[in-house]
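Each of the next two complexes has chain A plus one other chain: chain B in the first, chain C in the second.
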Partner chain A sequence: MLGILASIIDGVLVGLVYGLAAMGLTLIWGVMDVINLTHGTMIVAGMFTLYLLTSALGVPPYLALPPVLVGGFIVGVALYWIAVHRMIGRPPLMSLLSTFAVNLVLIGIGTGVWGTALFNVAVSVPGISIGRYTFPGAHILAAVLAAVIAAALYLFLHGTRLGRALRAVANNREAAELVGIPSTRLLAIAFGCGVSLAGVSGLLIGTLFPFTVLSGDGYQLKGFVVTVLGGFGNPIGALLGGVALGVLEGAVTPFVPVSWTLVIEFGLFVLVLIAFPGGVFARRGTL
Partner chain B sequence: MKRLCLLAAAATLLAAPAFAQNSASSDTITVGFTESQTGPLNVDSLGLVRGAEMWRDEVNAAGGIKAGGKSYKVQFVTYDDQSVGGRVQQLYTRLIVQDNAQFLFSPYSSGLTAAAAVVSEQYGRIMLDGGGAEAKPFMLGNKYLFMVITPAGSYLSGAVAALAQKEPHAKIAMVYSDDPFSKAVLAAAKDQATKVGLEVAMDESYAPSTTDFGPVVNKIISSNADAFFGGGHYSDGATLARQMYDQKANMKWVSILVAPGDDKFGELGPAALGVTVPSQWEVQVSYLPQFGPTTPQFAKAFQDKFNAKADYHAAAGYTQGAVLQHAIEQAGSVDPEKVTAALNAMDVTTFFGRIKFATDPEHHGLQAAHDMVLAQWQQMPDGKLGRQVVWPEAAKSADLMYPIPPATH
Partner chain C sequence: MWRRPFFWIVAAVIAVFVFAPLIGDNVSLREGLVLAAIYIILASNLNLMLGYAGYINFGSIVFFGLGGYICVWLINSYNWPLAPSLLAAGIGVSVLSFIFGLGILRLRGPFFALSTIGIVEGVQAFVQNFEPWGGSAGIYISPMVFQPLGGPGRALWVIYFLLVAVMGASLYLSYAIKTSKFGLGLLAIGQNEDAAAILGVPTPRYKALVYSVSAFLPAIAGGLYFFKSAFIQPSDAFDLSLSTEALVVAMLGGQGTVTGVAVGAYLYEELRGYLLTSASFSNFQLVIAGALLLVIVLFFPSGLMGFIYSRYPSTKKVLE
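Take a look at the complex of A and B:
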C-alpha cells in the first residue's frame, strides 16, 4: 500500500515537471495556432545548457535557471523570425513542417557535436524517506520550482499589461490590432516565452535523469498527451494535465505489467480526444 | 546551355562504368555495411565501425589480404542507417546490387542485424555479425551469416553464476527493455537463474521510450528483491541505475545490459559504483591470439588512432574483419563458397577470445566458443571509477564487490 502511495506522490512530483514542459507547447498553440515541433529539442537544449554550465563553469545546477530562462527566450524569438513568422495565418501544416525541418537541423547539429552519448548532472539534495521508499530531493525541488514558474506565468498572463495583451492576441488577433496592440511583436514574445519554458523544464528534467541529444522526443510526446488532457491553449490546464499524467503513471504501474503503462496512457489520450475534443480543461482562445 | 547539359550527361554515362569497374577491381575486396551515424544506436555503432576501420587500415598498410598468390586491398562502402530497420534493408540491397560489395559486416543491434540478414542471405553474401547478439536469425537455416560475438542467451550466464555463488537464494527483479535483444537475454537468464536455485521475484519489460522509472523502482523495492537484472540499451540503462540509487533501492547486486559498458556511464558517479555489465571483451582480458594483435597492442593502437578507449564494440568490429581476413587466407580465394567453408571450419583464438561457428543446420553461424566476461564499476587505484573484470575467476582483474554498499545520500 505504501508502495502505491509512494508511486502516486512520485507521479505528482514528476507530473508537475511534465506539466511545465507542456506549458510552453500549449502557450504557443494558444496564441498563434502553431504546433512547435522544435519543442523536444528545446527541452534538450535546456539539459545541455545545464550540463555545460555545471561541468565547464562549475555553476550550481539551480543557478543555471536564470541564464536558461533568458537564453531560451532569445532563442525562441530568433526561431520565431526564422521559421514561424512567415507561416502565421497559413494552414497549420505549414508551420508544422517548418518547425519539423528546423528540428531535424538542430538534432543533426547536436548529434554531430555530441553524438548520442550519455550526459549526467549530479545533484545533491537530501530526499525524504517513508519506510523503504525515498523521494529524491531533486524531484521535490524540481516539482516546487515547476509550480512556482507556472504560478509566475499565470501572474504574468493575468496581472501584467504585456500578459493581458498576449491574451488579447490569443482571443482575437484582428481586434487586438484594432486597439493598437502590435500583434507581430507579441507573437514573437509568446514564442520566446514558450521556448523559454521548454528550456527551463529541460533544465529541471536534466537534474532528475541522465540524457542524450535524442531525449527530447519522449518529453515532446508526453507534452502532446498533457496538452490534450489539459486543453489546447490553456497553460494552467497543461500543468494540471501533467500532474494527471504523472499520477496515472504512478497509480497504474503497481497494478499492471510495466509494458502496459504506455498502452493505458495513450488509450486515455484517445478517450479524452473522443469525449473532450478540446481537452478536459479546455478554455480555447482565452489562455 | 542545352549542349552543355548533353555533354555532361554523356560524360556521366562514360564515367559510370569506370566507377563500377573500379569498385569491383580484381585486387580490391569491397566490404559493405551500414552504420548508425544518427539515431539512438549512434554511440555503440561508432565503436563497432571504428574497430572495423582500424582493421581495414592495418590490413592495407600491411599490403592487403594475401590469398591465392594475390594481395587484396580492402575498401569499405558504408551508409547511415539512421538506426532504422527499414533503411537497413534498402541499404544492404544497394550495397550488394549497386556497390558490388563482396562481403558484408552487420549493422549494430540485433534488430537491425536481423533485417540485414534477410537481404544478405537472399543474395548469398557472407555477413560477419559483430553487432547483433540475438540468436533467432541463426535458427532460420541461413548459410552465409556468421556471429563473432557471444549470443544473447549467454549474456548473463556469468552474472547468474557469480550471484548464485555469493547469495545462493537471492531474489532477482528482472526489468528490461521490450526489444528482441533484451528479451532474449533476460529470458535465458531467467531459465539459468531458476536452474541454480535463484528466485525471480519480478519479471517485466518496459517500452524502450520510457523516460521515468520512478514507479518501476518503487515496484522493484516492493518485490523485496536483493538483485536487479535488466536494462536494454543506453539511456534507459543509465536512467535505471541512477533512479535506483536516488530512490535508495539498495540492491545488493545490479547487472545492467550495454549502458555500463560505455565509459560515459562513470558520469553517474556513486550511482555507477558496483554496477555489473556483461561484456564481450575488456582491456584486462589476456587471450593468446593465433593471429592479429594482442589485447594491449589493440588497446594502444585504438587509443592512438581515435584518442578514445577501446570498448567491446570496437573489439568486435575489429574481430569481424580479422575473422574474414583469416577465412580468405585459409580459403586462398575470395570465392564465397570457399570462404564460407573456411569459416565453417574455423576454430581460432584472437585477442577477442576464441571464435568457432556452429555448423549444425539449426544454429548455423551462431557463435559457439566465445566467452563473455562480467565487468563491475569499482573505485580504481587512482580514485576514479572504472570497470574491472570480476568473472570468471580465471580472467578476473579484481575481486567482485558484493554486496553493493547502500546509498548514503
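Take a look at the complex of A and C:
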C-alpha cells in the first residue's frame, strides 16, 4: 500500500513536468487554433541541447535552462513565420499538415546525425527519504522548476500588458485588432512561448529519463492526453491534467507492462474527448 | 461507367503495368513497379479519407501492417492458401477499423487526426506484446509456401499481378465512390460537416464506412507485400515513413482526384529512386519527403491536378 502511495507521489512530481510540456501545446492551440505537431520534436530538441551543453561544455544541467528558454523562443518565432503564418485562417487540417512536414524534416535530420541511440544525462541531486522510500532529488527539483515556470507563465498572461494582449487575441482576434493590438506579431510571440515551454520541459524530462531522437512522439501523445484532460486552450488546466496523468501512470505502472502505458493513455485520450469534449478540469476559452 | 473515357484511361494504365515488365522478363522494372503500385494503393485509399471526406489519417500504415500480419500468420500457423488468407486479412482489418471508426470518428477534424497517431502507437504496442505473432521478433514463413504457386520464381510474378489487380481495384474504387451518392455525401462532409448533417447526410455512419472501406485494399496489399518478402516484424509492418509518403503522394498529385494520386505516386517513386541512388541523400529520405510536403502545403495546396485543372479547364471532364 505504501509502495503505491510512493509511486503516486512520484507520479505527481513527473506529472508536473508533463503538464509544463502540455502548456506549450495548449497555449498555441488557445491563441491560434493550431495543433503543433513539431511539439514532440521540440521537446527532444530541449533534451539534446541539455545533453550537448552538459557533455561538451560541462555546463551544470540546470544552468542550461536559460539558453533553452531563449533559444526555444527564437526557434518558435522562426517556425511560426516558416510553417504556420500562411495557415492562419485556413482549415485546421492544413496547419496540421504543415507542422507535420516540418517535423518530418527535423526528425530526418536528427536521426541522420544522431541515429536512434539512447542518450543519458547524469544528474546528482540528493533525494528525500521517507521510511523505506526515497524520492529522487532530480524528480523533486524538476517538479519545483516546472511549477515555478508555470506560475511565471500565469503571471505573464494575467499581469503584464503583453500577456493581456495575448489573451485578447486568443479571445477574439478581430476585436483585438480593432483596439490596436498587432495580432500577427502576438501570434508569433505565442508560438515562440509555446515552443520555448516544450524545450524547457524537454530539458527537465531529460534530467529524469534517458532519451532518443524519437522519444518525442510518446511525450507529444502524452501532451495531447494532458491537453484534452485540462481543456484545450487552458494552461492551468493543462498543469492539472499533467498531474492527473502522472498519478495515473504512477498508479498503473506496478501492474501493467511499460509498453502498454501509452496504449492506456491513448484510450483515455479518446474516451475523454468523447465524454468531455470541453476538458475535465475547465471550460474552453479561459486562457 | 465504361462509357466514360476515364474508365479506359485506368484500363490502359493497368495494361502498361501488366505488360511492361513482361517484355524481356524485366525483373528490375517489375520491382520498381511493385513500389509504385503500393504507393498508388496506399495513396488512393488514403485519398478516400483525405481528399473526399477531408479527414487526415496519419495511421494508414496500420491497415497495411495489420493486413500483412493476419495474412502471414494464417499462412504460417494454419497452412491456409494465399487467396483466402488475403481475403481474411482484408475483411478482418475492415471490420476492425469499422468498429474503431465508430468510436474515433465521433471526434472531428484535427482531433480525429491526433487519434490516428494514437492508433499507430496502440496497434504497435499490441503486436509487440502479442505472442502468437512472434512479438518484436516477427514471423518468418518457409519458402515451401511458394510451391503451390509454382516455385519462388513464378510466385513473384503471381504476387506482382495480384498487386497490380489490387492497384486497379483501388483506382476503380476511388472513381466509383467519387461518382456515387456515397461519394457526394463524403465530399459534402469535407466541405462543411454541419451543413452536410443538416441536409441529411448520415455523417457518423458515412465516416466510419469510408474509414473501413479505405482499410480493405491496403490490408490485402500488405498481405501480398509481406508474403512476398516471407518475413514480417513490427518495425517493417508499421514503418511510419510509408504512411507519410502516402500523404505526400496524395498531396503532390492533388487530394480528391483519382488521376492526380496515381500520377503523384509515379512521380514520387521516380524521385525517390533517383535520390536513393546518390549516397548522400539515402539517409535523408524523410527530410526530402517533409520538405516536399511543406512546399506543397504552403504554395500548391491543390497539388498537380489543381494546377492542370486551372490551366486547362477542359481536362476536368476527362480526368477525374
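Keep in mind that, in the parts below, the second predicted complex is superposed on the first by the 267 of 287 C-alpha atoms of A that agree within 3 Å, B and C clash if a C-alpha of one lies under 4 Å from a C-alpha of the other, contacts with A are read in each partner's own complex, and residues count from 1 in each chain.
We take it that contacts are C-beta pairs under 8 Å (C-beta built on N, C-alpha and C of every residue); 3 or more make two chains touch, one makes a residue touch a chain.
Note that this is a predicted model, so its numbers are computed, not measured.
Q: Under the superposition described at the top, does placing chain B and chain C together on chain A give a clash or a fit?
A: In the superposition, chain B runs into chain C.
Q: Just to be sure I read the superposition right, which of the two partners does A:Leu221 touch: chain B = first, chain C = second, or both, or neither?
A: both
Q: Is A:Ala275 contacted by the first partner chain B, the second partner chain C, both or neither?
A: Neither: A:Ala275 stays clear of chain B and chain C.
Q: Identify the partner contact of A:Tyr133: answer first if only chain B is touched, second if only chain C is, both if each is, neither if none is.
A: first
Q: Which partner chains sit in contact with A:Gly3 here, chain B, chain C, both or neither? Use first/second/both/neither.
A: first
Q: When the two structures are overlaid on chain A, which partner does A:Leu57 contact: first (chain B), second (chain C), both, or neither?
A: neither
Q: Taking the superposition on A as described, I'd like to know which of chain B and chain C A:Phe209 touches: first, second, both or neither.
A: In the superposition, A:Phe209 touches chain B alone.
Q: So, A:Ser98: does it touch chain B (first), chain C (second), both, or neither?
A: A:Ser98 sits against chain C, while chain B stays out of touch.
Q: Using the superposition on chain A described above, determine whether A:Phe119 touches chain B (first), chain C (second), both, or neither.
A: Touch status of A:Phe119: first partner only.
Q: Between chain B and chain C, whom does A:Ser259 touch in the aligned arrangement: first, second, both, or neither?
A: both
Q: Which chain A residues come up in both lists, the one for chain B and the one for chain C?
A: On chain A, the residues that contact chain B in one structure and chain C in the other are 107-108, 111, 217-218, 221, 257, 259, 262.
Q: Residue numbers of chain C touching chain A in their complex, please.
A: 54, 56, 58, 103-104, 106-107, 109-111, 113-115, 117-119, 121-122, 125-126, 128-129, 244, 247, 251, 283-291, 293-294, 297-298, 301
Q: Can you list the residues on chain B that touch chain A in the complex?
A: Contact set of chain B toward chain A: 37-43, 46, 175, 178, 204-207, 209-212, 214-216, 218-219, 221-222, 234-235, 238-239, 242-243, 246-248, 259, 262, 264-265, 267-269, 409.
Q: Touching chain B in the complex: which residues of chain A?
A: For this pair, the touching residues of chain A are 3, 6-7, 10-11, 14, 107-108, 111, 115-120, 122, 124, 126-127, 129, 132-136, 138-139, 208-212, 214-215, 217-219, 221-222, 249-250, 253-254, 257-259, 261-262.
Q: Under the definition above, what is the set of chain A residues touching chain C in their complex?
A: It comes out as residues 35, 83, 86-87, 90-94, 96-98, 100-109, 111-112, 217-218, 221, 224, 257, 259-260, 262-263, 266-267, 269-270, 273-274.
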